[in-house]
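Next, two complexes with chain A in common: one pairs it with chain B, the other with chain C.
Showing the complex of A and B:
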C-alpha cells in the first residue's frame, strides 16, 4: 500500500499542511464563539431554574452529548436547510463551512453550558449573598462577583473543551471542507505517501494542542492570581485540590473520549 | 427533498443490523484500553524510570492528536510495518490478512488506553494514602494492597469518568467508516444514499446513538448505586 516510507516527506508536508491550519483554527474559533453564546443561553435557564426552558435545555444538552459529532455534522448538513425551508429561509446555497461552524458551535455549546453550570455552582453561595447584601442587583452580582470567580474555575475544563474541539475539527473533511486532515488526505493520495502525510498531520495537531494548553494555563494563573496570595487561609473555592490535580480531574471530566474524540 | 417521517422508522429498522458492529468495536477498544490504561497509570504513579517517561509521552501524544489520525496512521502504517517485518524474518503473516475491523480494534484500543490512563490515574490518586499504609501495616504485599484495597476504591471513584470514556469510545467508533467497516454511521450513509433520504437516515442513527448513550449512563448509575451500598462515607 503506497510508496516506501521516506522521512523527508514528513518535513516536506509540514508547510503544505500549515497552509490549511488557518482553516482549522477558523472552525475552532468560529465554533467557540457560537459555543460560548449558546452555552450561556443554555446554562442560564438551568441555573435560575426557569420552568419550561429548563427541561428544553436539559434535552438539548442530552442530545448533543449523547450523539457522535460525526452524526451531528451530517444531520445538520442535510437537515438544517430542510427545517429552515419550513420557515421560508433558503440556505441550501450557503457554504459548507457555515454548516460546519454551526454544528461544532451547537455541539460545543452543550459541553460549554455544563462547564458554565458546574463552575457557577462551585462558587460559594455566600459570595452572591454578600453581593446582594451590599446592594448589588442580580445582574451586577452575576457579572462582577460570580463570573470572575467561576471563570477561573472553568478554565481547566474550558481548555480541554478547546482541545477536544480542535481534534473534532478533523472530521470536517467528511463534508468536504479543506482543513488540515482533508489536506493530508489529498496530499497522501497525490503522492501515495499516506503515512508521512499523517505523521506530519499528527505533529501539527500535537504542537497546536500543546500550545493552546500552555496559553490557557497562563490564563488560569492570571485568573487565579488573587487566590494564590490569599493569606487568610480560607479557601474560597470548593475545589480544594491542588491546581495540577484539579486540572487532571477537569481533563478527565470533560468526558470526550477522543470525543472527544 | 421532502421530509418523510415514516422513513425514519424504516431507516431505524435497517440500522439495527449494524448495532452489534458498533458495540463490538466499543467493547473491544474499551477492554483493551482499560488494560493499557491501567499499566500506563501504574507506570506513571510509581515513577518507574524511562518507562514512566514513555508512558507520559504516549498519553500526551494520543491526547494531543485526533482519534482519526490514530486510525489513519495505524491503517496505513501497520501493513507497512508488518510486511517489512515478515520480509525481514521470513514470517508468513501478510498485511492483507488483517481484517479491516482489526485496524479499528488496534487503533481505538491505543486511543482508549491513553484516555483511560488519565481516568485511572486520577482515581488512584483520589484514594487516601492512609488506606495503602493501613494495608501494609496489616502485612499485605504491594500487589495485595493494590488489588484488595486500592483498586476497588479507585474504581468506585472513577466510575463516572470511565462511563464517559466508554461513551467517548462509542461515539468515536463512528470513525471506522474511513476504513470501510460498516457500523451504524456507515450503514446510515448507505441507507441514506440508496434512498436519497439523508436527513431521515442520520436522524435514525442519532436516535440509536442517543439511546445507547442513555443506556450506558443508566447502567453506570445502577452500578454506582450498588458500589455505594458497601461504601458509605469515608474515602470515596
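Showing the complex of A and C:
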C-alpha cells in the first residue's frame, strides 16, 4: 500500500504540518481554559461536600473518565444541538471547533477537578487554621496559603494532563477539524506517502510534548522552591512530602482512562 | 482581660466542654493542665473560634462575642484579638521565616511591606532567629520552627496568645530553647493561656493554674495552691501520676 518510502517527504511535510500546529494549540489552549474553570466548579462541591452537587460532580467525573474521548466528541457534536433545541437555541450552525473545544474542555475539566481535589486535600489543614488564627478571611487563607501550595503539588499531574490533552486532540479530525493529524491524513492521501506523513507528525508531537514538559518543569521548580533543603538533618520532611505526593500522583494518574475511585 | 462565660461545646452527642467559666487578667500567664481528652485543646480553639462553641460568651479586651449570634464578621474581629501557637507549628511552608511573620501584618493588619518587615525582623531577632530570616520551614529544626510560630503570634500584638502544647512535638533537647522564649515574653507582661505538660514551666511561670477534666474546670488557683495543696481528689490523682516527686513536698 502507498508509494515506496522516501525520507525527503518527511522533511517536506514538516512545514506543511506545522502550518496547522496553531489549530492544535488553539484546541489545547481553549480546552485548558474551559477545563480549569470546569475543574474548579466540579472540585468545589466535592471538597466542601455539598450534598446534591457532590453526587452530580461524581457522576460527571465518572462519565468523562469512563468513556472514550472519541465517543464524547460524537455525543457532543450530534447531541448538544438536539438538547439545546429543546431550549429553543439553535447551535447547529456553530463551527465544529466550538464543539471540539467544549468537549475537550469538559473532558479535561473532569480530570482537572480530581487533580485540584487531591492537591487541595494534600495541603495540611493546620496551615489553614494558622491562617484563620492570624485573622485571615477564608478567601485570603485559600488564595494566599492553600492555593500556592496546592498548585505546586498539582503541577506534575497538570503537565501530564496537558500532554495527554495534546495527544487527544489528534482525534478532533474525526469531526472534520483540520488540525495536525487531519492534515497528515490529507497529505498522506494526496501523495500516498502515509508513513512519511505520520513520521513527520510524530516528530512534531514529540517536540511539542517535550517543550511543554520542560516549561512545566520550570514552573514546578519555581513553585516548589520552599522545599529545597540545605542541611541533611531535615530531609525527612521532604521525603514524607514526596511520598505523599507520589501517592497522590498515582491516584490521580491511574485514573486516566479508568473510572471513578 | 479575657473572660469566658458558660462555654459549651459538643461534637455530635459527645459533650467536650461543659459550661466553662474562666477569667484571665491582663498580663497573667494561665497554665491549663488536664488528662488527655479533657478538652484543653478544644477550649483554646474555641477562644479563637477554630471551633465554634455551641453556647457561651467570649470577652477579649474590649470585644465581646455571644457564640449564639456570631456573624462571620464578628468572628474575624474576635480572631484578631488573639493569636495561636500550635503543637505542630503550622508554619506556612511556602513562605520563609520572615514572610511567615510578615503575612498577618501585611494581609490582616494592612501594614506597609517595609513596616511589616522591620517589625518582623526585630521579632525574629528576639526569638533568636535573626540569622534564619530567609529560611523556609523545611530548613529549620522543630525548635526553630516553633520560635517562628511564636514570633508570628507576637507580631499581631494580640490581647492574648494561646499556646497548645508548644513543646510536645519537639525532641527533648529542643524543648528548652522554646520554653526559654516563652518565659522571656511572659516576663514582658504578655497575656498567655498555655496548655502544657511541662510541670516545671507551669510552676515557675504561671500566675494561675487551671486543672480540667471531663470538659469542666475541676480546680484553679495559684501554682502554690494547686501543686502543693490540691483540694479535689481528681487533681491529686492527676498530679500524682504526672509528677511522682511531688509526693515529698506535701
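The definition used in the following text is that the second predicted complex is superposed on the first by the 230 of 261 C-alpha atoms of A that agree within 3 Å, B and C clash if a C-alpha of one lies under 4 Å from a C-alpha of the other, contacts with A are read in each partner's own complex, and residues count from 1 in each chain.
Note that a contact is a pair of C-beta atoms (placed from the backbone, for glycine too) under 8 Å apart; a residue touches a chain by one contact, two chains touch by 3 or more.
Note that the structure is predicted; figures quoted are calculated from it, not measured.
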Inquiry  = Quick check for you: in the superposed arrangement, does A:137 touch first (chain B), second (chain C), both or neither?
reply    = second
For A:58, decide between first (touching chain B), second (touching chain C), both and neither.
neither
Exercise. Which partner does A:68 reach: the first (chain B), the second (chain C), both, or neither?
Worked result: first
>> For A:152 in the superposed arrangement: first (chain B), second (chain C), both or neither?
In response: second
### Message
Contacts for A:167 in the overlay, against chain B (first) and chain C (second): which applies, first, second, both or neither?
### Response
first
Partner touching more residues of chain A, chain B vs chain C, is chain B
- Message: Just checking: does A:210 make contact with chain B only, chain C only, both, or neither of them? Give me first, second, both or neither.
- Response: first
The residues of chain C that touch chain A in their complex are 48-50, 76, 79-80, 82-84, 86, 88, 90-96, 103-104, 107-109, 136-141, 152, 156
Per the touch rule, the chain A residues reaching chain B in their complex are 1-2, 5, 62-63, 65-72, 74-75, 78-79, 82, 163, 166-168, 170-171, 181, 188, 194-195, 198-199, 201-202, 205-206, 209-210, 245, 248-249, 251-253, 255-261
The answer for chain A against chain C in the complex is residues 124, 126-127, 129-137, 140, 144-145, 148-149, 152, 226-231, 233-234, 237-238
Chain B residues touching chain A in their complex are 1, 3, 60-61, 63-69, 72-73, 76-77, 79-80, 95, 111-112, 115, 118-119, 121-122, 125, 158, 161, 164-172, 174-175, 185, 188-189, 192, 198-199, 202-203, 205-206, 209-210, 213-214
